[in-house]
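Two complexes are shown next, each including subunit A; its partner changes from subunit B in the first to subunit C in the second.
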Partner chain A sequence: MKKKQDKPKEELKKLGKQLFCQINKGKNPELTFTLRGLSNVIFDHKLKSLRLGDKKSTRNFFNLAHAKKFLQTLEVASVSKNLIKEGKHASLRDAFYQIKRTIPNTKTNVVDEQSESDKAIEDLEVITGLAREQLHFNANKNGSVAGKVVILDKGDTIDWSKLGSGGWSVPSNVEDIKFKKVNAKYILYMEKAAVWERLHEDKFWDKQKCIIMSSQGQTTRGIRRLLQRLSEEHNLPIYVLTDFDPWGFYIYSVIKYGSISLAHLGSKMTIPTVKFLGITGQDIENYKLEKHLIKLNDKDVNRMKQIMNYEWFKDNKKWQEQFKLMKRLKAKAEIQALSSRGISFISDKYLPEKINKKDFID
Partner chain B sequence: MKKKQDKPKEELKKLGKQLFCQINKGKNPELTFTLRGLSNVIFDHKLKSLRLGDKKSTRNFFNLAHAKKFLQTLEVASVSKNLIKEGKHASLRDAFYQIKRTIPNTKTNVVDEQSESDKAIEDLEVITGLAREQLHFNANKNGSVAGKVVILDKGDTIDWSKLGSGGWSVPSNVEDIKFKKVNAKYILYMEKAAVWERLHEDKFWDKQKCIIMSSQGQTTRGIRRLLQRLSEEHNLPIYVLTDFDPWGFYIYSVIKYGSISLAHLGSKMTIPTVKFLGITGQDIENYKLEKHLIKLNDKDVNRMKQIMNYEWFKDNKKWQEQFKLMKRLKAKAEIQALSSRGISFISDKYLPEKINKKDFID
Partner chain C sequence: MTQKSEAHALAKRQREISISEFFTKNRHLLGFDKPTRALLMAVKEAVDNSLDACDETKNLPEIRVDIKKLSEDRFRLIIEDNGPGIVKSQIPKIFGKLLYGSKFHTLKQNRGQQGIGISAVVLYSQLTTGKPTKIISKISPNKLAHYYEVQIDTQKNEPKIVGEKTIEWQKDSGTKLEIELEAKYQKGKQSVDEYLKQTAVANPHAEIIYINPLKEREKYERVVNEFPKKPVEIKPHPYGVELGNLMWMLESTKARTLQSFLTTDFSRVGSGTAKEICKKAGLSVNKKPRDITPDESNKIIKSIKEIKIISPPTDCLSPIGSETLEKSMKKEFDAEYYVTNTRKPSVYRGFPFIIEVGLAYGGNLSKEEQAKVIRFANRVPLLFQQKAGSIYESVTSTNWKPYGLNQSGNNIPVGPLVIIIHLASVWPPFTSEAKDALAHYDEIIKEMKLAIQECGRKLGIYVRKNIKAKEQKERVSLFENYIPELARTISNLAEVNEKTTENKLKRILKENMKNILEDEKETR
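Moving on to the complex of A and B:
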């Protein structure tokens, strides 16, 4: 994801010109793009990232099976062009409503469901090689951040260390943020907002000279991109703190390797250097959390079986050890179980100790 | 909710002294409190708030049916006392783990499920007359705010108008925030973070001299309390912007009248002056949204039937009109449907027009 402002405009123009040329030559307008979908998703061992394979697909305007999708893609491109021109951004839902209309003299709508416009946006991502944020389509906003970092955003200078108990609210799109000062040794990312509030109240980021960041549950694109930019532009290690359960492992996995549904973005959104900090199976013994294990339910067990067979986990000894431990314990454990040892045990003991020992899983 | 720091400490001390006296006199230790639960929830027409009735309940230590709950309430009180002493706050999940342990020489745990410690915290709220935030137990954190407001929080001076595209991340507990400067005519609260980002990008709060605030879905306690404090301390009107559907109406209802599950807090969390701004049934015609209606599903219909019979909606003509329209249309409509009229139609036309005309539902 380059930050050059003009690239999206150029790419959209290029697409328009291509089609214009085809039409001028009396050809059937055609879009060519890399096939999405599971059959063309591969794990790139070199890039350490899920990405699309080489299978291509074409779509023609004069083809009954293609015409509607062709139109949807161009409608979305047109909305994107206007957004870029006006310097505005739309949510995926906005984009849906913006292209939703009945085609004159027909009873056919351009789109009936948001899933159609979402797919059209993904098509446009694949065709132009741009991320949807660059096309001015935003995903959901969530999450907070604190640390000794000063940024410049929309003309405001914002000091992440001076925002009281709330912190800075991470926007859905962080492409235009400029980092003015980054005074941190690492980033700690956690899946739970309540844990973030715990660490923030303990001034963990100040004592440990780090950045603390969190959303709630699955990591938003805004957060993933913010983590990635800080990692790349400031060479900061990132440690991920989740529950000891398949869902927590998957949160880590998505940040590090990407996800099947976003494989078309390849390494644009992945951060191969992130490390898993905890909670690990060993932590349960080391920090006396045995009494606070929670029995795995059927959903947990099924998810665990899926995840442990993912290519990037399958041949990884340390991860297979985690799955074995989880299977043997037949249980999961939450980050907050550490509170049983004292409300600030996580800040005073658990995290500093593990980070000092470099007790990570890669 | 008074902000005096000593009150919670005093109330907990009072509770301890009471029990100590009873024990000293050789009595069976007893806790008396107002009964929670549906049978004792009433809608107070004067206060315009759901609250508990007069039914009382007692709980004794030497009573097999009471002993465990008695213990849980005292354990939670003890955790609260320590948190206050240390100046720290715990999430509900933290509190659960803090009191979760096996009673020595038995196989009984103080608590097995978080629902037990949650209820014990509610007991303590009823007994002490304090909100859980004052007892240093925090609910979930979510949401963002922007506007011409300067606050003081944890020693930081924070200007809500200078926080770039993200805004200030609203903490779970806003009791200790001080408002230094409030330069706004009203507050616009919306259920969707994506709509907040739309208005923020359009600098709506600057153009309209207002505060924009949002969580995602149900309003967090932190946000409700922040709205309430701004309403009471700075006399600001609050307008609520939700979808035209039963779920949106309920979001408004909870902010205004409270909820059954939090009836024990009475008017501590309710804001009787808030007004519903939209989306209304009339808006659908006025702003040409007919093409963007979404058919009500069974869940929607059932929820609508429940809500329209709530005491505070039943005798309200304007609200019954909304329910009739929804029934007739057999459909709901989303805020983002306004994007079909242009991406900034909501900021440039819909909101200013409705607010100018004072087109609210009370």
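Moving on to the complex of A and C:
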């Protein structure tokens, strides 16, 4: 434990020393870091993940356009250092309030909105090469997991099969968790908490010998890291279940290849082996969901056009087929459309059938 | 009934319509279409007359305007000046007969051409309240004042004297009116308040005291004691004459021959030019003006256009003057920079004119709103139909961005700015009878734009210099304030002394001030 915390502490001190050194020499304090943003995000075909390119960006304190951001970045660094020293963690919201104040003699606040401190934290990640969690900043926890797994978390032994109807809620930082016993053949990750509850009630994980995991909407960092660790450390395949719509496809894409906003973390977060289980265009026909489609709106159509041109989807025949089907149907389908065939149709028929037939898209 | 007798019956009903009767039924033509405008029109007629009268006899004007609210829609207007007064015999005619006056047929820069006359106000008062207008006038310190109560006989368009006496009046000379009328009082861009404020700007030699219906008192102090140059009357220039006008002139001239008519009744026509005009028109130089047919008049007009005649004299104009205008603006607008320009005289359609422009910038003027555009024609504020006139066009077609202002497309610029444009002319060209806006003559717009640009360039230099200095100061203080904050964070990270870091940062700022402020864009 102690060792793990030494590195971030040292990195932050190094950053301070570097700047002090520049100031000591009478130089304009300067931060150099890899440029974040779309123009410097590239898809690494070898690692099959998004990462940042080589473009560098320099920020100087004595520059009107940079001064405030420069200060914000150093402010979060300072807060991070104090957190590490005290062995405490702060949420992103806490961090915002920690640095928010009015600069004396001015009407300017160090930060006015949380989005600014969030950005400063991301900058600090890029500058130091440390993940947010290592800097003791946590996102909100968000997500549930159940299965025949026993873990050790901060000295507590937790059995994921014995946690009632809520399951174990996944914290934002899963680095220090130890897996004591993992008895599962695969992990099923789903977009919707409501579907997770359905499967949990049906004891799907028990019947199928698997782990079920979910977070509401976009997959959080904690969830992604947990999926990655289980996949790497216990060699478990991961199947993703989302709605048949561009947003669902993107959730899958982020787990597998990473996202633009976290490209600086590169392959630290991506899981190239995950497979897409459904809902696929073919499922709509095979499971007679045609009557339960929802028309695509303009936003959906625009998002679809963007996603289908992503480098990793562009030349993938199976995925292009999905987009073509969606275009032809001019419609999307929710996972819950399966409930039209019976409330437990999903756990009794749909999922076992798909998994047996290995009916996935890669 | 036969057709013939119908015509007879009709003829019995047909009769001449008196001008007053006509206006009784068409009060909107007098500018009294709205109750809010009625009050303004009444003040305007009276004040313009007072100022013109004072200018005539070189009395430095002292004008007092007092509006009393009698009920929600009824007001009593009392206007008093220290002008020369009006001779007894003229009083009833000036106030009690429509379209009676001396200004309409003259080519001389004055204010009064711009209204229909004070008698229209008397008529409006009579129509809405039934009350006569009370007039006191005194022409000499040694004489008593005359008091009249006048109405208009609308059928005959003749004054009807209701009361008359001589009284004592503690004043050397002057005129005082008391008029009751139906109206509505409001504040804002088209109010009496605004009208008088602007009048004071354009007439810095006048002192105006105004008490509005809310009993708020405003005193516009005299800015200059010099009298504006007295405008001289000029004869019409041939280029400006139109057919109807020419025919009327031919009819009423004292000249015996066409040649002498042309040389004596027009400016800039000598015997050579007159002969040329006659020759081109195919008319004898000795023809009697009265014998010239409308057809021949038309030929004269045509030939005038083909001949080169030198421009009319321009010494007849009396601009405010750039120095005086600047003083006046300084008094009325709380700005930080003022610039004015009076152009040289120019000519449109044979009428001489001068354009003056004044700009007031910064200070307490609103930064977020469009610039305030103040328009004057012969020192009279134009409050209506801003967008219809050539002043609006010349302001909006100017690119204000080089002068440090924001402007989106062809709009009035946005920024802390007041734009004053004054046209002084023997005959200001209005777009309509209402005389709210100046017509779009290319010569006039060109002069306005040149004057704006002249002022604008100077403003631009000022804005760039001052805004830059101000911004730099702000930048330095920004860094000064950020330094302690940054020093604290860096010292915490590097585990070094906070004060040392702070002092070192301060020194960097001090030593590199110039680079930091100027190489801004390059350091990116």
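Quick note on the criterion: the second predicted complex is superposed on the first by the 358 of 362 C-alpha atoms of A that agree within 3 Å, B and C clash if a C-alpha of one lies under 4 Å from a C-alpha of the other, contacts with A are read in each partner's own complex, and residues count from 1 in each chain.
By definition in this document, a contact is a pair of C-beta atoms (placed from the backbone, for glycine too) under 8 Å apart; a residue touches a chain by one contact, two chains touch by 3 or more.
Here the structure is a predicted model, which means the values were calculated and not measured.
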{"item": "Partner chain(s) touched by A:Y186 [first = subunit B, second = subunit C, both, neither]", "value": "neither"}
{"item": "Partner chain in contact with A:S144 - subunit B first, subunit C second, else both or neither", "value": "first"}
{"item": "Contacts of A:N105 with subunit B and subunit C, given as first, second, both or neither", "value": "second"}
{"item": "Partner chain(s) touched by A:N60 [first = subunit B, second = subunit C, both, neither]", "value": "second"}
{"item": "Contacts of A:L19 with subunit B and subunit C, given as first, second, both or neither", "value": "second"}
{"item": "Comparing the two partners subunit B and subunit C, which touches a greater set of residues in subunit A", "value": "B"}
{"item": "Residues of subunit A contacting subunit B in one complex and subunit C in the other", "value": "82"}
{"item": "Contact footprint of subunit C on subunit A as seen in their complex", "value": "12-13, 15-17, 19-20, 23-24, 26-29, 60-65, 67-68, 70-71, 74-75, 77-78, 81-82, 103-106, 108, 110"}
{"item": "Subunit A contact footprint on subunit B (complex, rising order)", "value": "82-83, 86, 88-91, 93-94, 96-98, 100-102, 138, 140-144, 151-158, 162-173, 176-177, 193-194, 196-198, 201-202, 216, 291-292, 334, 336-340, 343-344"}
{"item": "Contact set on subunit C toward subunit A in their complex", "value": "475, 477-479, 481-482, 484-486, 488-496, 501, 504-505, 507-509, 511-512, 516, 520, 523-524"}
